[in-house]
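Same chain, two partners: chain A is paired with chain B first, then with chain C.
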Partner chain A sequence: MSDRVKFSNVKKRAAKDKIVFGLVCLFSFLAMIPLFLIIWEVVSKGYKNFNWRLFTQVAPSSMDALLAKMSGEPIPGGILNGITGTILIVGMAVLFTIPLGLFVGIYLSEHPENKFARTVSYLTDLLQGMPSIVIGIIAYIWVVKPLRSYSALAGSVALTIMMLPMVVRSTEETLKMLPRTLKESGLALGASYTSVVFRVILPSGFGGIFTGILLAVSRVMGETAPLMLTALGAAVVNWNILKPTSAIPLLIWDFYNDPNLVDIIWSASLLLLIVIFLLNWIAKIVARRWKI
Partner chain B sequence: MKDKIFKGLLFAAALAILLLTAGVIYVLVKQSLDVFHEYGVFGFIFNAEWDPRPETEEYGAWSFIIGTLFTAFFALLLCIPFSLPVALFNGEYFKGYKISSFVSSVVDLLAGIPSIVYGLWGFYTLRPIVIQLGVNAQGFGIFLASIVLAVMIIPYASSLSAEFLSMIPDTVKEGAYSLGATRAETIRHVSLPMASSGIVAAYILALGRALGETMAVTMLIGNTTNVPTSLRDTGNTMASVIANQFGEADGLKLSALIGIGLLLFLITAVINLIAKFIMKKLSVR
Partner chain C sequence: MENITENKLNNQNENSANEPILQLRNVSVSYAPGKKAVNNVSADIYPNTITAIMGPSGCGKSTLLRAINRMHDLYPKIETTGDIYLKGQNIMEMNPMEVRRLAGMVFQTPNPFPTMSIYDNVLAGYRLNGIKLKKEEKDEIVQRSLMAVALWDEVKDVMNRRGSFLSGGQQQRLCIARALALKPEVLLMDEPTSALDPVSTNKIEELLLDLKKNFTILIVTHNMSQAARISDNSMFMYLGDLVEYAPTRQMFTKPQHKKTEEYLTGIFG
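Now for the complex of A and B:
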């Protein structure tokens, strides 16, 4: 018999089988531990400062925090400037991404054999693998340099480049799963191509497309590196898209670098994690409810 | 008429992807021309000197390239003993069971945690442990950064591997069982070899993630300019040096940092294309 599979000792082989199974279970279990450790750390350290102030006040200056610390009081201030900044930057990025991402996704799903479409598909993969810091450099050169100022707009451009390939892929894959007959019967009824896309194809694929958008948003929500090169950060609430703007992850980075502000780092992280996990959870429900 | 405009719009959107990619490569090359002009392409890549002081200004990418490859490959090595069991758990042993969807959602949530939160976890929780282990005095360095990176890429490696494992037809495995093979033997001699190229593709993609990871590494690697030679060393990766020094950079330094960005982009692009190529071949078959 071959030396690769030994049939000699049945008991030994059965024991080995059990051991492998045990190890697989054990290491799978171990792989889940970091998630719980991280959640535990963020929750246990962050819940104390997780209050109204977090949502209603801007981040304190290092000096104020130091004074409060010396007199034994909790650090004043919150992360309002980060929350509004994240809403502004991510919101704009979503507005840029959705029309472009949907259109490219529709194009790719409609022309699977076309050479141009295949090239675009490859490039989408390429963009998807692009490191976020490189995307930051691109947005810096494209937006920050010509406008001569760091801005929320530049941050949105960076996040748009990150989200675009994810939305394109999920749209394309969802639409490819739709039966061809759906589109054909629409056309056979005399509907125009445009109305078939908007009234039949997109609504049928709604679940998958919407899930893709939610997951893309949850992915860019916590992005820090590209925003450091583009939005920079600001100490006040800013709604002007051409001015430097803060964001929750940028504030976490600031707090990390300032020993006086360390106490609110965890509540800011807690808020970020809650929002991201909520988006993931909603995405899962949408995917299940509107399954094709 | 309306249809024509709409189809034109769809085409224009696809064209925008093409222009976007072309624009990305164009600006990266154009803005880094200065540094490649100054030192030559290989002179820039293989020079380990990085000295921004005006009198002795000199820029080379070598120490960051080594730092990047070192952390990424070590992280990949560390992640295998955890991601492979997770893949087997979800794609083989408990395929289709409720417990597997629980385990895979938990592991997938790891991919949702922002890089900067991983950095905090590494700094506040793992760094004291690394100091206790006596790896080095401050805790920062290749070792710490790689551990955190390994955790970060587990979901990427395991979920794709599980998918390829679960695609193996039951009849093939049943063939092995009928010949008297145990489950472990079937995995070793049937499932893993059959899914091997898919699993390799999954790990290549995970490697691509590790290469480009920025914030967590920046917070943990120590940010020193030297060629790291052991796990105890501190260092810098290509991404972390950009994150650290881009803010105050101008002139030749800015160009050098963008040059590093270009190199990083090329490395990850090649890695990703190899992985996608393997997977395309698989899906054709």
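Now for the complex of A and C:
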């Protein structure tokens, strides 16, 4: 019996465990504090102007806002031009990103050993770390210069470049998690590779892929820098993809620079926050429901 | 072991009067150059029989099975040589898609397509191949295939549920039905019961005995008693070689090779 391993200082070690656990809890709590403060700030300041006007009227001019402020009325105007602009720009970016991201993701998940695939994978990582302002400049050179105009199209190109690596990664990871026999059993029925990809693999990975797209959308929806150099902004509702267009984050930036409009920053931010919250929530539900 | 290249069934049985449905000729498979996982296997398989492929892990039994429906084509590094004749036609010269329609496969873990209903799973072979069918034809195929695997009565009221709604054993029978729906010439089964409980295993074994009336079955199995229970003929593979191929009863009572005997008596394996 003497060769049994002896545990010494059991009490001391248990106490140490308690301290470490306490620290973990404490730091988790500390990390949450800024988040709650942000939400509190946005909600408490934003709810005042969070009304139907926000969704139905375009951003007011500085003068109108000043006059309203002086007479003690609420700011006359909303962010309709930003909402429609964000829908237009992000919507187009999603249309560009989905086919590109899916195909690259499929390719990477199917050929993990391939040299070219590894290069693509590495570049995808690099792209993910690219500062968004740089992507804005690239989109400016690619789209704004040749077309000689700031445009929603240029903005969506910039957002596409930002979303692409996220969608590629989430597609790749989702497909890699599917059992390999799923593909094999499709092919074992004599099906073509194309048919197996579109009718078996992609539908099976739908939950993860869709979640990835939603999260990418919620990431880029608040992007400001790449849009400043591409979509520029507009004071009116614009649905022409070749014309300058506003977006919610662009308006927030404009409002920030105008002391008379500062008050609706918070309402615009609150809207953005709510939409992003909803997207994340839907993503979670989809991921759970479509779990394989 | 040299004399096994020209492997024939040692004893004449009732089936050998027929033409073999499947002929393997010097089949070798290598995962890397110079490293053969299956080494020069030749054998004749007769229609309406169950042939069990046995052997210790890594002996190449699954690899051999997967050569028969050209599954190795999916992996560029794997090289298959030799000839495999299915009803006299060399499958090595056919389009792999056509080969796979003729040689249905059932995998180790039940894997119904998770996004498809039970009904659609049975028809998956048609759907994925773009074969259009009328409603009556579909119903007929689904009912016939599910009846063939004795699953019809259990699922006929839940046809629209996902395949994953079923129990493991039911899922595996669904997968067999999916393979049968395309009316293959041979059914290749890669340890189809190793992920199942004994009751489900028993059901599948009974099913196979029934299915051999209409199909030819090759089954890779780890389970010697399973081979003894259901197979007509058995192959014993060791380190990529087909050591012995004989009627099952003969192999289990009078194995011709020392390795076979050692394996069957549990000296290794």
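We take it that the second predicted complex is superposed on the first by the 272 of 292 C-alpha atoms of A that agree within 3 Å, B and C clash if a C-alpha of one lies under 4 Å from a C-alpha of the other, contacts with A are read in each partner's own complex, and residues count from 1 in each chain.
Rule of thumb we're sticking to: a contact is a pair of C-beta atoms (placed from the backbone, for glycine too) under 8 Å apart; a residue touches a chain by one contact, two chains touch by 3 or more.
Computed from a prediction, not measured in an experiment: that's the story for all the values here.
Look at A:R199: by the touch rule set out above, it reaches chain C but stays clear of chain B. The wider contact with chain A, measured as residues touched, comes from B rather than the other of chain B and chain C.
Shared-chain residue A:M32: touches chain B; no touch with chain C. In the superposed model, A:E41 lies in contact with chain B only, and not with chain C. Of the two partner chains, neither chain B nor chain C is touched by A:S71. Legend: residue contacts after superposition of the two complexes on their common chain; A:T224 is shown touching chain B, with no touch to chain C.
Of the two partner chains placed around the shared chain by superposition, chain B is the only one that A:V120 touches, whereas chain C remains out of contact. Shared-chain residue A:L182: touches chain C; no touch with chain B. Judged by the document's definition of touching, chain A residues 192 lie at the interface with chain B and also at the interface with chain C. Per the touch definition, chain A reaches chain C in the complex via residues 179, 181-182, 184-192, 195-196, 199-200, 203-204, 206, 292.
If you check the complex, the residues on chain C that touch chain A are 69, 71, 74, 97-101, 104-105, 107-109, 111, 113-115, 124-125, 127-130, 164, 175, 178-179, 182. Contacts from chain A toward chain B in the complex involve residues 4-5, 7, 13-14, 16-17, 19-21, 23-28, 30-32, 34-35, 37-38, 41-42, 99-100, 103-104, 106-108, 110, 116-117, 119-120, 122-134, 136-138, 140-142, 161, 164, 168, 192-194, 197, 218-219, 221-225, 228-229, 249, 252-253, 256, 265-266, 269, 272-273, 276-277, 280, 284. Listing the residues of chain B that touch chain A in their complex gives 2-3, 6-7, 9-14, 16-18, 20-21, 23-24, 27-28, 31, 81-86, 88-89, 93, 103, 105-107, 109-110, 112-121, 123-125, 151, 154, 158, 180-185, 187, 189, 205, 208, 211-215, 218-219, 239, 242-243, 246-247, 257-258, 261, 264-265, 268-269, 271-273, 276.
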